[in-house]
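Take a look at the structures listed below.
Next come two complexes, and both contain chain A; in the first it sits with chain B, in the second with chain C.
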Partner chain A sequence: MTPSTVAKRWARSTPLEISTGEARRLPFLMLLPAIVAIAAVVVFPMVYSLYLSFTDYDLTRPAYQFIGLQNYIDLFSNGDFWQAFGRTILFMTLAVNLEFVIGLLIAQLMAKAIVGRGLLRTVLMMPMMFAPILVGFQFKWFFNAQLGLVNNLLFSLTGDAHIIPWLVQVPLGFIAILVAEIWMSTPFMVIILEAGILSLPTEPFEAAEVDGASGWQKFRHLTFPMIGPFIYTAMAIRSLDLARVYDVVSIMTAGGPGTRTELIWTYVYRLAFTGHNYSMGSSMSYVTVILSFLFTLYLFRNVIKSRWEGRE
Partner chain B sequence: MSAKKNISRRQFLKYAGLAAGAAASAGVASKFEGSPLSATTVRAKGFPTVLGQSFQGVTVRVHAISGANYDELYKIIPEWEEKTGAKVEFVFKGDGFSTDKRLVQDFAAGTVDYDVCWDHSSFFSQYVKAGGLEPLDAYFSADDLKDFIPRLVDAARRDGSLWVIPRHFDISCLHYRTDLLGDKKPPETWDEFKQMSIELTDAKTGVYGTEFAGKEEALSGRFYEVLVAEGGALFDDKWEPVFNSPAGVKAATMFADLYKANAMPPDMTNYVWEDVARNFANGTIGMYTEWYGWYSFFQDPKTSKVAGKFDLARAPMGDGKIHSGWAGHHGFSITKASKNKEAAASLIKYLTSPEGNELEAKLGFLVARQSVWDKIIKEAETATNPLDKKRLELALLQAQEDFKTPPLIAEWLPMSNVLYPIVQKIILGDVEPKAGLDDAVKQVHDLMDKAGYYKAA
Partner chain C sequence: MSATGFARAGRRRKTGDIARDTLLYLIILAFFLPAFWIILTSVRLNIEINARPPVWIPTELTLDSFKTLLGWPVPEGSFGMGTNIPFGDYARNSMVIAVVSTLFALTFGTLAGYVFARFRFKAKNTIFLSLMLARAVPGIALSLPILVLFGRVGLSDTVPGMILTYVALNVPFTAWLMDGFFRAIPSELDEAALIDGCSRWTAFLRVDLPLSLPGAAASGIFAFLTAWNEFALANTITRTPASRTFPPALFELTGEHVSDWRGMCAMSVMMLIPAIIFVALVQRQLMAGLTSGAMKE
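Right after this comes the complex of A and B.
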């Protein structure tokens, strides 16, 4: 075949023609392998877990039976569950807001840095590189009453040998876990917010500069509203992360002592995996997932709303 | 002229296969001259006799505990393999708790693909309830068991069958600082223990009178052994929880009073075994009950500041005139799913033989065979440290008289899960002892009810 023949054939070739039905089915077919994988790994276990929540399944008892809504009735009258739930909401609220404030401050400073921003960013990202379990061990040792860094530092500074049981007393245990979580996750907030700040157009700021606006006025009337979508996105993602926090708490206090630092997922773990009560653990998990889903829905609606407001 | 006969391909393959089979059989037979197959026993120097069957071609799969010195015993497995022709394959090795978790999950899911599993007196009941274990009575005769300490074997029986062959055990005794107690005798009762602990506490030197492991099954067990010493019990004969009795309240009050008097480290509710041992080795604890297994750690000047400065005594007793003695033993079981039960039993016999026990005794384990105890106590007479011999004699006495396991029921761990957070609350003063124990009793009653203990016959 000569090059001219190939060229003529190429010139005569027409675009692939497909029917309307095929065009509709094609995206679905292309996504089918991913759908099957997700169904097998996520959907089936979730459906089976939902089924178990209506039974009295116990890992050490081979036979189990359908008990209807009994697990959910017991759950809603379980004071320990609601205390753990309330504690989780408080933890989530404090952590996400503190991470936001600290993260925004650091992001603002980094956005102004001219020299060494890359190196600064790398150093600030390092806490995110640690596995949460390692962070838990690290801070468990920091806050150890007798051998920990914090008490030793306090002793060096004050000379007072009084031992503070950080991981035992209320609310110190809660604060210790909060510090660990904030240390580990604030860099995530910094990344998102810094990206938002750097993506802002410069013209409004130049105009404000000309009009004599102060730094605070520029931040309040320009920066903050315009990075609204980034704020909501970061807070939505962090809220979901915090709603399922387990590793750090499990290592530092395991939800104890008593139930002083018990959050939802340490309680579920204790009930299901140590107590073998999978059915109650499943019902607890579903109630928590549904509440998390509603919360996420609320947050994403605000993301979309703030995007429209930003465009206006 | 005769016709040339050619053999077909099929015939050639048939003859070649027969020839290969004959050659293989000859090779195998020559290797096993004088093997158990020929009813001749083989005795390697220093190792036990394995009588009877060969398990040529059998692979015994083992789900084992690992870490610390547990793995040393497995080094004798190649000798068993050589004698029997079997192979041993470890499908899992882990610490006790993760091993237990995997066993529970495997038994529930029916995914057991191993023959021998690690077992423990605290855990085997749940495996029995899940239908995962094989009764051992058919594989271990009275003669096989006569050398084991009887209380250890009894602690592995339930529902009329034997389920675990003990390997080694541990029990707690009182460890006390001779430099702090001076001429005072160690406490014999829990009342004396409480009083002395408060007196030993010295904020200036940073010494606490005592400590306990303060969470999870560790705390449940410590509460249980003081409760029993005070004449109480966890359950009555109808499986109703009764640990909120006066004996239970007294036991819980002792813990709370010690914490309130600052006689225990303020973060003790975060401690498990390594933490309490480390504190004692660091010299910050006056006395406490501890497992014998930590002895060599405490006596090593490289790891311990109290080497040569402590002594041992029997655990205190309570109003019930019973010495505390929360104990447990590690051992081996055969899984019901095993397809090689005879080989599995043979391996277990080898691992728990007198020679296997002696190897573990030299590492500091408290082994299960009486004959090995007699031997090591005799050898300890020449030890430079008299505490080495006293330790062994005391451990044997406790094993024979004080050895107590928690109730041999599958619900022990779930029950402990309910109990220990409440005992922690009592210790910290979040709840009064009686109110806390009443709440725990109610929750445990609900747990036992769901488990079917109160259904009418």
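Right after this comes the complex of A and C.
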């Protein structure tokens, strides 16, 4: 059937309502390409991955057997996994809060800036153009022990050839990765929060001005509560991004040395591809993905609810 | 600029304002310096980059690192990654994969977004939620099974395999954005077209699609940047210059050429150019879209 025959039948049906018969097919046909692509690249591989997680499959061995829940049982007693998991939560919490505080400060200053706001915003957006892999490379070099920017600065400032192994020591490696992540993602926070501040109505601020409120009072009692939805959206999106952080860490330290900066995805990758435990990696990736799903549903529960209630 | 902006800009300047703006400039400068340092290093002399004690002010700038990458002759004595890097292949693969996958993702996402915005049927919310959850699966989680599956069907290390992957990766977000743009178009326009005898499909093609084009452009830029910058999947699917893109190539080279920081910086700059062009194009529309209330949905 051609699109036009489907369409002709549509002309007779009520707008915005799905009636019976062939007319049902138009929205289905329009959704089909998206569904097929996602089924092929996301759903099918994830189902396959679930299947493999119940086996002892590994990339180097063609023969494998079904071992039931063994991988999942082992996973719960795997200290390294939970340590990487905990480190990821810590990393996520620190990064999202620091980005929020710095982002809010910049957004507030930016919204009040008198000259050059357009130029400032363009300059601030530079880190957003860097691929995470580029950010990783860049900060790996900045924190390089011999020729890195940071040690060079210390050298020139103190005259002493400090060699601080930033990416090797605990907790310096973790901090270096945190700095890279904050540099890369704070501009996103600023953009969303500044949009929130700029979209506020002027009347409450004028009234507060008349009442003699200080700048801080206006910020604390007007701006901050009124940009609530923007804060929520920005922090939710960033939390989900941080839950899957991988590129920056993999290029800066690859989780090492040892497991000092190991986050969940570098650990899964290491186990599956270089640790010759592919099926175990699959089960860990599954557990993590399901936890991320729950986290996503929790963070976006209001959006989901309003859609479900047919607010349309 | 919003009314708030005008009201504040009109106020007389005080010492406090100057201090506040200075603080802002300093913070922005701190964010700018790391990017600036990469760009500057790509045109510096190797001898100065590797100098101890460090040399901060370049005495001479050179494009040798870019010439090396592009395979042009370079003067004697300038060491670097050399012409054995198949830079041209990486550039071609990156561009073809990003552009083609963006066009497909945009087409599929627009069709899906229109359905989410304009039709009502039982399974719609479930499908919408599934798309969002599909987006929540990290590339690195997918890379494990995709490595095995693509190997079996012959899509490993091929450009079509990469395109298919990035289409699926970008469709959910594109559909979500397009859904928002279609909702912003009054449905009365559609209904008028239907009453005038247009079919649903022609109403979509003639009324909604042209009106949604600015939104499609913005979505397309996000999709392009995702495809251009993606690493985890590219690193497992591609292996040779036949399909390898910039991000995994850069990852590979940082392992092999640890001493050639300038060459790496030059490659980073080349990788940044399309991103800079696209972000410059979209900056204004992005801010306008965000302030117009799209975030409050």
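One rule holds in what follows: the second predicted complex is superposed on the first by the 269 of 312 C-alpha atoms of A that agree within 3 Å, B and C clash if a C-alpha of one lies under 4 Å from a C-alpha of the other, contacts with A are read in each partner's own complex, and residues count from 1 in each chain.
The definition used in the following text is that a contact is a pair of C-beta atoms (placed from the backbone, for glycine too) under 8 Å apart; a residue touches a chain by one contact, two chains touch by 3 or more.
Computed from a prediction, not measured in an experiment: that's the story for all the values here.
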Worksheet item: Between chain B (first) and chain C (second), which does A:101 come into contact with in this model arrangement: first, second, both, or neither?
Response: neither
Worksheet, complete the sentence: Between chain B and chain C, the one with more contact residues on chain A is chain C
Discussion item. Quick check for you: in the superposed arrangement, does A:259 touch first (chain B), second (chain C), both or neither?
Written reply: first
Worksheet item: In the superposed arrangement, which partner chain does A:73 touch: chain B (first), chain C (second), both, or neither?
Response: neither
Discussion item. Touch test for A:290: chain B only (first), chain C only (second), both, or neither?
Written reply: neither
Item to complete: Would you check which partner chain A:191 touches, where first means chain B only, second means chain C only, and both and neither mean what they say?
Response: second
Item to complete: Considering only the touch criterion stated at the top, classify A:277 as touching first (chain B), second (chain C), both, or neither.
Response: first
Practice prompt. Kindly classify A:161 by the partners it touches after superposition: chain B alone (first), chain C alone (second), both, or neither?
Written response: both
Response to the item:
chain A residues where the chain B and chain C footprints coincide 59, 161
Response to the item:
Seen from chain A, its contact residues with chain C in the complex are 3-4, 6-8, 10-11, 15-18, 23-24, 26-27, 30-31, 33-35, 37-38, 40-46, 48-49, 52, 59, 102, 105-106, 109-115, 117, 120-134, 137-142, 147, 149, 152, 155-156, 161, 183, 186-187, 191-192, 195-202, 205-206, 229-230, 233, 240, 243-244, 246-247, 250-251, 265, 268-269, 272, 278, 281-282, 285-286, 288-289, 292-293, 296, 300, 303-304, 307-308, 310, 312
Practice prompt. Would you mind writing out the residues of chain C in touch with chain A in their complex?
Written response: 1-5, 7-9, 13, 17, 20-21, 23-25, 27-28, 31-32, 34-35, 37-38, 49-50, 52-54, 56, 104, 107-109, 111-112, 114-115, 118-121, 124-125, 127-134, 136-149, 164-165, 167-169, 171-172, 175, 187, 190-191, 194, 197-202, 225, 228-229, 231-232, 246-247, 250-251, 254, 261, 264, 268, 271-272, 275-276, 279-280, 283, 286-287, 290-291, 293, 295-297
Worksheet entry | For the chain B and chain A complex, residues of the former touching the latter | 101, 104-105, 108, 126, 129-131, 206, 214-216, 265-267, 269-270, 279, 284, 410-411, 413-414, 417-418, 421-422, 424-425, 427-428, 430, 450-452
Discussion item. Quick check on the complex: what are the chain A residues that touch chain B?
Written reply: 56, 58-62, 144-146, 161, 163, 165-169, 253-254, 256-260, 270-271, 273-277
